[in-house]
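Structures follow.
In the two complexes that follow, subunit A is the common piece, with subunit B as its partner first and subunit C second.
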Partner chain A sequence: MSRELGAFRLEVVGALVRVSLLSAMQYRASFFAEFMVGALSAFGVAVPLLLVYARVPVIEGWNFDGALLVTGFFLLYNAFVAGLVEPNLGAVVDGVRTGELDYLLVRPVDAQLLISLRKVAPAAVWELVAGVAVVVVALARLGVPDWGTMALAAGLFVAGLAATYGLWLLVICTSFWFVRVDNLRFLLTAITDAGRWPVSVYGRGLRLLLTTLIPVALVSSFPAMALLGTLEEGHVATALGAAAGMLVLSRWVLRRALRNYASASS
Partner chain B sequence: MIEVSGLTKTYRVPVRPPGLAGAFRSLFSREVKEVHAVSGLDFRIEAGERVGFLGPNGAGKTTTLKMLSGLLYPTAGTLKVGGFVPQERHPSFLQQITLVMGQKQQLLWDLPASESFELNRAMYGVERSEFRRTLDELVAMLRAEALLERPVRNLSLGERMKCELIAALVHRPSVLFLDEPTIGLDVEMQVQVRQFIADHNRASGATVLLTSHYMQDIAALTPRLLIIDEGKLRYDGALEALSRQVAPERRVVIRSVVPELLALGFEVQGGGMVATVPAGETNGLIQRTLALAPLVELGVEMPPLEEVIGRVFREGRPGGKR
Partner chain C sequence: MRALRADSASQIVHALRAWPSIQQVAFSGMVAYRAEMVIWVLSATLPLVMLSLWNSAAAAGPVGGYGQVDFARYFAVNLVVRQLTGSWIVWELNWNIRKGELSPRLLRPMHPLVYNLCETFAALPFRAGILVPLVGVLALWRPELLFVPSFSAAVGFGVALLLAFVLAWTIQAIFGMLAFWFDQSMGFWSAWFALWAMASGYFVPLDLFPEGWVDFFRLLPFYSTLGAPIDVLLGKASMLSVFTGQVAWVVATGALAAWMWKAGIRRYGAVGA
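Let's turn to the complex of A and B:
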């Protein structure tokens, strides 16, 4: 363990984030175009919600404001995925195919840290802003809860992020065996989109799926429920369990995957 | 410094029948073939040695280098580099080595090379003052002062290789794995890179294992030679010993054409003449030549390295130790 900690240095994180920001800002046109796309995508998450609640006031016990909270957290999750997870883990797939991973794996730095923090997509800041705005608006309409409740919601949100990051890493690891897994990525994006709606609108089976194997409900519905005071017994344990399980499992699989790394011939 | 015994790497690669129908079938059932990239390599390299790793395409050179640097897991056999088992990828091991691949790049494409150096500094935990000193040294040796602040994508291939070498050496590694570091470079740049590697080795005392397609790299840089073919070691020893063993003849070369010399076995080649004789008969031939044509300009050459190596590949083991 001490070896792993030795390989994880704050200085390295800083240096990685620095160059990824510098790289993202190298091309002006693409930088601003991505900003536009980010803004549109944030808008795209909010519109369907407005359309649905214009017709139906309450769905499965969720009124508009509650659903707005879920949307806000989902936007924040999207910012995390679009800003960090997708650019980095997506690059791993190419890295395996082209052998570009070679230079990452010879560094005396933890491999998981390197492949997870190499790139940043600054355009995701729109979704971050939109997410914060939506959560704030929803809370303003619902009444601001006490600090403890907010801390619980934040904790659940972070646990949800950890669990979904683990899931992404697991999916990406399959590329070490199957090389091209781009479509699996798109499939995952499509499925996790289910997180934009409160989890109780889905049937039992789906609900179980979205809180365990594809834990996207943890990141959107659970924090919202914490703020609304509708969390049920076992929800916190589920969230923590899923986060820990996904992190440990994905790290273990990554290690197996690296053993299987075949590089690409030069 | 490097100990390798019985090192074997077998890849499992899918075999795809040709054509659309075949491709479709292989979507569901894939046939897998085993490719023995490296089989049963044994060798030892002492600290500070410079060793050339030579072999035709697909011989297993790069695979071996990647196993030595911890990128690939060996299928069988044991290897140790600086006391570490490479594939465990221990940070202290990775801190000691460096890998340069002529066909790949580690520099960040869109940023000036100096940013890549700084990133490597952080990753290897090199102290700033020491980093500054090392960088100044390397930049001076490669005459790369003007290259550091230009985006890497705007550098020529040769300029990029200089920066690749700097990036690979800022942490002062004690083992250098160089996989075709001069590939694609023009002759002048090849000479510069070669000179740099030699100077750096002299100054740092680091161990160098180098693969190359250019025989001049090997001739100029590595006194010891490992020849590998079809994943097996064919020769391990000094370059000169190999020439004596495999190609025990010399070429006597004359820069002009003197028809009388045809009788001594000379053949016209280009604007001059060449005769190939066993090494022991060289002096006799020279005397006879000078008797017939006292004014000719005359030289004795070893057979070209390409030819020597080619013979090793054609004839299998030349009898060097395995």
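Let's turn to the complex of A and C:
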């Protein structure tokens, strides 16, 4: 259907990002106030690690530097969700309820692109900075690996981001049928919080859940394992499979949802 | 001054008389949105994520005096206290002040803050109900965590829990009222919450912090809202010092909140009301 799948152009992406940045940066004071929050929450993720590793040198095969890497990737993931995914997909839920989504759907651009990149929450940049800093510190302590390893880690991280984005989109799509799902966002945030530790601290059942259905381990533990050289056979395939599966599934569900969408006013 | 006192006395009488109706209205609201409520409550499961880390760390032996069972017990009580002292007033005040929706509430014959306190109280049975499956799953996983506290510990826990509830609610109200001065005060609340999570015992039992830090953290308001009741129930802190700290913070924050309300309501009206 042409209504839901219009042109997918790069210049549209550029314009979307520019406009959303401009509109978010207008509250300069609050932007810099958020700096505190970003720094504090990064600190909050690191403090339990510092405390636990002050007493126990190795936990489930992970030493402090390895766990720190996981934390760094988790912060980067958080920045991605808080900065890009949540503001946009959250707005979809409101748009379905108020009917404002109509104005987006009539535009001659791919609907998924438009609903995914309309807004940026620039405060997330501080979490991004914190995440980069933590990863750099951990790598400096561990010794910088070769380029191939870093590329593998980066690739796994991107695959993890794709998978978690797909999961978010899936959850948001339920609003087309159930209208009031704002709070599912909070649930999702709460569950994905489990990604802050190396996935091996969880029991077997949870571990399976965190690498498949709620793929937050892909985004934090897997890239760290790539850098540490502890990836096992099948991990790369799992990550790529989850990413591709989630993306295809969420796009398919979104198309069905849009076809069902009757708009709040009709 | 006398007028003010008479005023607050009549407020209390009002609140007590209206209490059953508010309780009923609030509880019907909960039941109507039960799916949402369940999600809200489930979102507060961060203590369980923390528990998994400490549980793995203590696999080979106790860490800082806490074995695996102690950690499970600590975080189970943590979950209970957090749930029973929770409220939403910071979000509500923020929204109502910014959108001018506080105005109709001011016309009611009851103080909007007192009304909210009643509502928050009314939500307690629901929150307690949600705790049953959460703690139940924990207890199935590690049955040893269940224990019968001594009578004095149980009573002390009740008192500390009540004080923690009042203090947590007052602090949230203070941050909500900041919206009188800054249209959007959620940023301040996020910063407070990040500090709170570290210094209250939410992430880590405070006695696992290095020597010296513990005593300092126990003086702060964060501890009085969460760690204090946990420590009383588990017998890790003297009740007298815990209660003293809690009462002091309730008085201080209560005075601040009362002053903020008076000053804030005078400013209010600028926001499209």
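To be clear about the criterion, the second predicted complex is superposed on the first by the 257 of 266 C-alpha atoms of A that agree within 3 Å, B and C clash if a C-alpha of one lies under 4 Å from a C-alpha of the other, contacts with A are read in each partner's own complex, and residues count from 1 in each chain.
Here, a contact is a pair of C-beta atoms (placed from the backbone, for glycine too) under 8 Å apart; a residue touches a chain by one contact, two chains touch by 3 or more.
Model, not experiment: these values are computed from the prediction.
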| item | value |
| --- | --- |
| Touching partner for A:22 - first (subunit B), second (subunit C), both, neither | first |
| Subunit B versus subunit C as contact partner of A:119, first or second or both or neither | neither |
| First, second, both or neither for A:201, with subunit B first and subunit C second | second |
| Which superposed partner A:259 touches (first subunit B, second subunit C, both, neither) | first |
| Interfacial residue positions of subunit A with respect to subunit C in the complex | 30, 33-34, 36-37, 40-41, 43-44, 47-48, 51-52, 54-56, 59-60, 180, 183-184, 186-187, 189-190, 193-194, 196-197, 200-203, 206 |
| Subunit A residues within the subunit B interface of the complex | 3, 6-7, 9, 11-12, 14-16, 18-19, 22-23, 26-27, 99-100, 102-103, 105-109, 111, 258-263, 265-266 |
| List of subunit B residues in touch with subunit A within their complex | 11, 58, 62-63, 66, 69-73, 87, 89-95, 97-99, 101-106, 108, 110-111, 115-116, 118-119, 121-125, 151, 179-180 |
| Residues of subunit C defined as touching subunit A within the complex | 36, 39-40, 42-46, 49-50, 52-57, 59-60, 63-64, 184, 187-188, 190-191, 194-195, 197-198, 203-204, 208-210 |
